[in-house]
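In the two assemblies presented below, chain A is common to both, partnered first by chain B and then by chain C.
Showing the complex of A and B:
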């Protein structure tokens, strides 16, 4: 113990240890700055509700076709006209979609504008074009398609 | 031959003074350049990175909007960008060159980073200037105009 206390050799090792630790502190600070910078800038592209809007659109297109089939099916055993049944079914669909989107904090609005047919006879299976107003808003992004023209005869 | 055989060194005091002078000189050189080495250069690199990041963000956003454009209707989208890159405010310019959309990020000291989206400008050209220090930033599209 006595000899260890008196042994004053190895000053350079101690000094170089100090220097290396200072260098490490400096490097850590620089690395820290580089990591923090540029961290928060590319958020907006992720926030943009591209998929929500695309889904809203494609669901509406799909369901417009399904509703047409259902309408013709119901019409064969009912006295109501085709546009009347279509309106009712579409109203159901849009209420459900609006509820689903409201759960995510998004406002979606689907309104049936008109049921059209190129040869003018709306009351049969001739209906081929549905006009729908689609509106979407999530606080940052507003989307509206007025009207979205959906072809339903495949 | 006398010099080679002479084994006595300089005195302890002289060596101490010499050594401290060398150390002080080295310290002065480092401290004069430290601003350049430790502040300016990392800041440059960080700015370059962040500006190209912002440019890429804008081009992704524009491509995303382009994917869901309505035939009859409009899209308005608000986006958030950092107020400063490095220590400077900046401006985003959207411009068109032939068929390409160019997004140019220019910092207040004049540093410029450009991002290009090829071929999109013929279908949906975007023009406009955004300053990072303003509160709201928006891209809007209207098919009726």
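Showing the complex of A and C:
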């Protein structure tokens, strides 16, 4: 019993155990942080409506051109003016796209601002620029382009 | 006095070095990849699926046989019955672009103020970690006539169709 009091080797074993346990705690904390960081970054990438906004913008641009072609086609057999026909078609388009976005809990708003022509006439195929207000909101992310200037004479 | 202290000092130094190096290596790692994370897989799948639809929609006519607008315009208005698809061209192109991925396709559109959602490609029930991507196309009487579809649109009518794709891996 007396000899055990003088033997101090046990202190090293206890100290080593303490150090190893501290290292293990540190490693576990770091690994846990990495998993949490991975979850949040992935979740943010999934939640952010990047494609919705991009699609709203690019589809509106494409449709401004489609509506222009359809407008000129209708105008060739109708007495209505080009701006009048264009406004009617664009309103129809915006109602459909707003309804389809609403299905996913997103608010999209497309408003035609003006139909423009560099030479001042819009009764023929001279219309070359459309101004549209685009707004998007999904409860977290807000996007607005007021106005979006769309070249349709390409 | 004995020489045990020297050995203990060396051991302590070696242990301190090992601990320091371990902490440094871990803390200096700029990114710790956790591929087990299901959400990371979903992010990848969503991007892949979205890109596949974008490629079909925007590719030149020489790159793909039929673009997305042509595929949708050619629909005969008949819903798919598993395992048959009612949009075969789109099914062929997607199966080429998404190897190892299963997908269902629905078309959503408004007709006379009423919402219609039709299944056109069915590959089975979506798995637990499925993602949904979508793309919009606009069809007119002209595109439908060119593609030989059954949409029956008026001359002055345009219809926005949401191509809704649910994808999952098995």
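What we mean here is this: the second predicted complex is superposed on the first by the 112 of 154 C-alpha atoms of A that agree within 3 Å, B and C clash if a C-alpha of one lies under 4 Å from a C-alpha of the other, contacts with A are read in each partner's own complex, and residues count from 1 in each chain.
Basically, a contact is a pair of C-beta atoms (placed from the backbone, for glycine too) under 8 Å apart; a residue touches a chain by one contact, two chains touch by 3 or more.
This structure is a prediction, so every number in the text was calculated from the model and none was measured.
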{"item": "Chain B versus chain C as contact partner of A:30, first or second or both or neither", "value": "both"}
{"item": "First (chain B), second (chain C), both or neither touched by A:129", "value": "neither"}
{"item": "Partner chain in contact with A:142 - chain B first, chain C second, else both or neither", "value": "first"}
{"item": "Contacts of A:89 with chain B and chain C, given as first, second, both or neither", "value": "second"}
{"item": "Contacts of A:72 with chain B and chain C, given as first, second, both or neither", "value": "neither"}
{"item": "Chain B versus chain C as contact partner of A:19, first or second or both or neither", "value": "second"}
{"item": "Which of chain B and chain C A:100 touches, first, second, both or neither", "value": "second"}
{"item": "Intersection of chain A interface sets (partners chain B, chain C)", "value": "26, 30, 34, 37-38, 42-43, 45"}
{"item": "Complex contact set, residues of chain A against chain B", "value": "26, 30, 33-34, 37-38, 40-45, 47-48, 50, 53-54, 57, 134, 140-149"}
{"item": "Residues of chain B that touch chain A when the two form their complex", "value": "38, 42, 45-46, 49-50, 53-54, 56-57, 60-61, 64-65, 67-68, 70-82, 85-86"}
{"item": "Chain A partner contacts - residues on chain C that touch it in the complex", "value": "8, 15, 19, 22-23, 26-27, 32-34, 37, 39-40, 42-43, 46, 50, 108-110, 115, 131, 133-136, 138, 140, 155-156, 158-160, 162"}
{"item": "Touching residues (chain side chain A, partner chain C) in the complex", "value": "12, 16, 19, 23, 26-27, 30-31, 34-35, 37-39, 42-43, 45-46, 51, 55, 59, 62-63, 66-67, 70, 73-74, 89, 92-93, 95-97, 99-100, 103"}
